[in-house]
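What follows is a pair of complexes built around chain A, which joins chain B in one and chain C in the other.
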Partner chain A sequence: MRCKVCRGHAVVDIRRHNAAFCPDHFVDHVTSQVAKALKEFKMATVEDRLLIAVSGGKDSLAVWDVLMNLGYDTTAFYLDLGIGGYSARSKEAAVAFAGSRGGKLITRSLREEHGFTVPELSTLTRRVPCSGCGLNKRYEFNRAALEEGFDVLVTGHNLDDEVATLFGNVLGWNTQMLGRQRPVLQERIVGAGDSRAFVKKIKPLVRIAERETAAYALIRGIDYIVEECPMVEGNTQHRYKEALTLLEEASPGTKHRMYFGFLKNASDRFAEDRGSAELIPCTDCGAPTVASGAHGVEKLMCSFCKTKALAHARRAERTNDSVHGAEQR
Partner chain B sequence: MGVKVKLRNPDRLLEISGPRTVTALLNQLEVVSEGVLVIRDATLLTRDERLGPDDEIEIRPVLSGGSHPAGDGR
Partner chain C sequence: MRCKVCRGHAVVDIRRHNAAFCPDHFVDHVTSQVAKALKEFKMATVEDRLLIAVSGGKDSLAVWDVLMNLGYDTTAFYLDLGIGGYSARSKEAAVAFAGSRGGKLITRSLREEHGFTVPELSTLTRRVPCSGCGLNKRYEFNRAALEEGFDVLVTGHNLDDEVATLFGNVLGWNTQMLGRQRPVLQERIVGAGDSRAFVKKIKPLVRIAERETAAYALIRGIDYIVEECPMVEGNTQHRYKEALTLLEEASPGTKHRMYFGFLKNASDRFAEDRGSAELIPCTDCGAPTVASGAHGVEKLMCSFCKTKALAHARRAERTNDSVHGAEQR
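Then we have the complex of A and B:
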């Protein structure tokens, strides 16, 4: 195949665009698609300070790379989840990339901040790792962005991520999530004050398929972590991606049509399901939580603090049990 | 002699005889091409690329899992 632009030897073919590209023109193509999304959805300006949540994986490192090349003011944030060797290796990938590009990187560790890792939290709360993990990441990303004074939080969600989430929300008719699934989530203010509760969040890779972010990373020499998180097994999101990829294979453009068709023709129909309940500060950490439906003081804690309190309470119970057991022996 | 193929997650090696193109190789292995990148000598291959009998090829899956608060499936 030949490059659509220069007729040189092509290395990537994109069937839904009916096009193939040489390495240089593929990089240009991805960059212009990201620039288009940034403009189309009014994601950010070059004056904004952007915080990019990076995991050491291809998508988050790719979005950071593209935004740096486009001249945005970027800093990356890595959260160490404490998932054994996998976390150690993914952190190495993020640190090495930052070093090679001279990018600014902030790292924090869940254990140092809150006293548990993702596997420990899962055992203590008896919930699947991904649920606690997601809660932790959303909380910590938002907290870091607010504390460090960033205007926008950037995530590496690509077209495959978004269409799989959409598919899942449609299968379960989760109208609240359908109302909220946008490439941009505007910042929200807590109570009547003017302090920011949730930072603005953007997904600049929505026009790029996962296969393309992987190709981009490879061509740009980004040494991302290929290995999967060991906790991922049996993940429904992954099954949806595989199913949608089969449809895409048979009919290129299916994913793009489903996602962008949703944004254009359906998203606003779920606007009133979005939930605009007033936000109040969590009694524990001050982070925003939804005021409605709260009974009693305990309920005014945000879901992160509730989960954290549960984990620490269970750990204390265990320690008591084992101390007790030792005394009896 | 055949095409040496490295598959990932979990990592394993296979030797496949016969395929002349990337598409033929993927069909033989029943791999969905939209879900992978095919790499030879650190270079990406398009689906119509021809394969030689002693080529060493990596088939790298690109779809990650996870609940994705940060993308990447992580």
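Then we have the complex of A and C:
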């Protein structure tokens, strides 16, 4: 197997591109694919201040690495979700990488900010951990970006992630999610004001497959956390990836074709479902929430605050129960 | 496992309906699901003359059986594709079933009608057999229905077939095919005339899964051909079914949800791609072909006649080559 560029010994082959690369030219390839996505979808300019949501995994550290190399103004943000040793080790990986590259890193902890971890939230609200985790991350990433004055929030979603999400959305024909599934989500403003409600969000790795970010991290010596989140078992996204990988193996390029075919031929058919409802500030935290469909004051709290309130109420009930239980004994 | 209706011994369970049935109530269940599809999608009335395209397989014989039991005016049509012993045995199954039920059956042979079999056509045109086979069947089914004065053409496509086709269409975001993927295709007229170009086509088994038509055929004593077409190997549709079955097993109802969710939430988004281009008669056979996009006279031949002309031209070349070869020897 020879490198497509220099004919040297290739270490990575990419069947959907019908190409193989030596380590150096593979890094060039990934970098140019990211640059292509940034340009094609008008993701960001070098003047923008980018906040990269990093988990300590291969994708988010790789996208940070590539963006630094491309000369973007980057700062990373790590949110400690409190998932035991997994969170501790993933934080270490993010901190170590930032240190090795002299990158700026902001860290926050869900427990310190809001009083619960992802496992605690799941138990208290009786919801699957992934749902609460996603809600927390979306909320905290956006809040951090706005509070710290960043222009763009970057996530490490790769091609496999995006096509699996797309597959999930077409399995149920969730038209709102289909409308929103773009590599760029533009910033949105609260009400008639001039303050930003949602920061612009971009996914520069949409042209890179999962095994390619892993190879990139390996070649670049990025010491990422390999273990998967212990709470992810039975995650439907994993099954979608499995099913799509069956097809990709038989016909390389299937995933790319599905994702980019959607963006080209179908995404706009769901534009009206994207949600352009007016945003109003949450009565509790001031974060944006959708004004329409509100049934009285309670509904004007954002989803995050409603979930947080539920969790704290359930915790208070438990404390009361155990106090009463102790009194009766 | 107990029958949902009579609590007797159940022989078939349907996880997506969370129900099991004894043989008699399973037959009732399938019949009522077909009746529901016929009504919901306004497929046909008992006044319509239905032509059922039968292959000798479980689906087409099952749909014929159900429609006869529901009191519809049915005639079956068997097209001999000339695929060796497979075609011979599938024809036997169709003829035997028609005989056992006193059903009317029309048979035609591709070789007698047009001078080639599916394997010969594939060799001559250097195209995959499934593509030529589909083209031939669509053409011959429609022609037979129009020539014999039928109102509706019925095919045995089941839920698994339809959802696999849908999956293939969203993998490539083929918007024309997405627009056309309905359980009913209305009849179409040639030009300004009043003669039908395409007969109305319906798929009454869209609510029935593949394993359910197999169980239905078994219970009803329908002696269908079990073997698969020997030319189908590597067929992409099979891979799509495999991938979807992975998901169905983990989450029963996934296929139903994907197909009916599409019809409800998304199909109309592709309505404009359905193709409403004016139809004109093929210069060769008179069958309808799309007028737009024509580049001179050659293009006014329909796809079937173009393929047929190519096959006959290639055959003539070969005959000439072998004559010349013989002369040179």
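What we mean here is this: the second predicted complex is superposed on the first by the 329 of 329 C-alpha atoms of A that agree within 3 Å, B and C clash if a C-alpha of one lies under 4 Å from a C-alpha of the other, contacts with A are read in each partner's own complex, and residues count from 1 in each chain.
Basically, contacts are C-beta pairs under 8 Å (C-beta built on N, C-alpha and C of every residue); 3 or more make two chains touch, one makes a residue touch a chain.
Note that the coordinates shown come from a computational prediction; the quantities given were computed from them, not determined experimentally.
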{"item": "Which of chain B and chain C A:R257 touches, first, second, both or neither", "value": "second"}
{"item": "Which of chain B and chain C A:L70 touches, first, second, both or neither", "value": "neither"}
{"item": "Partner chain in contact with A:V11 - chain B first, chain C second, else both or neither", "value": "first"}
{"item": "Touched partner set for A:D160, first chain B, second chain C, both or neither", "value": "first"}
{"item": "Touching partner for A:L246 - first (chain B), second (chain C), both, neither", "value": "both"}
{"item": "Which partner reaches more residues of chain A (counting touched residues only), chain B or chain C", "value": "B"}
{"item": "Which of chain B and chain C A:A53 touches, first, second, both or neither", "value": "first"}
{"item": "Chain B versus chain C as contact partner of A:N265, first or second or both or neither", "value": "second"}
{"item": "Touched partner set for A:V170, first chain B, second chain C, both or neither", "value": "second"}
{"item": "Touched partner set for A:C133, first chain B, second chain C, both or neither", "value": "first"}
{"item": "Residues on chain A lying within both footprints (that of chain B and that of chain C)", "value": "242, 246"}
{"item": "Residue ranges of chain C in contact with chain A within the complex", "value": "170-173, 175, 178, 236, 239-240, 242-244, 246-247, 250-251, 254, 257-258, 261-262, 264-266, 269-270"}
{"item": "Parts of chain A lying in touch with chain B, wherever the complex brings them together", "value": "1, 10-13, 15, 20, 53-60, 63, 90, 130-131, 133-134, 137-138, 141, 155-158, 160-161, 165, 203, 205, 210-211, 213-215, 218-219, 226-229, 232, 235, 237-238, 241-242, 245-246, 248-249, 252"}
{"item": "Complex interface listing, chain B residues touching chain A", "value": "8-9, 32-37, 39, 43-49, 60, 62-74"}
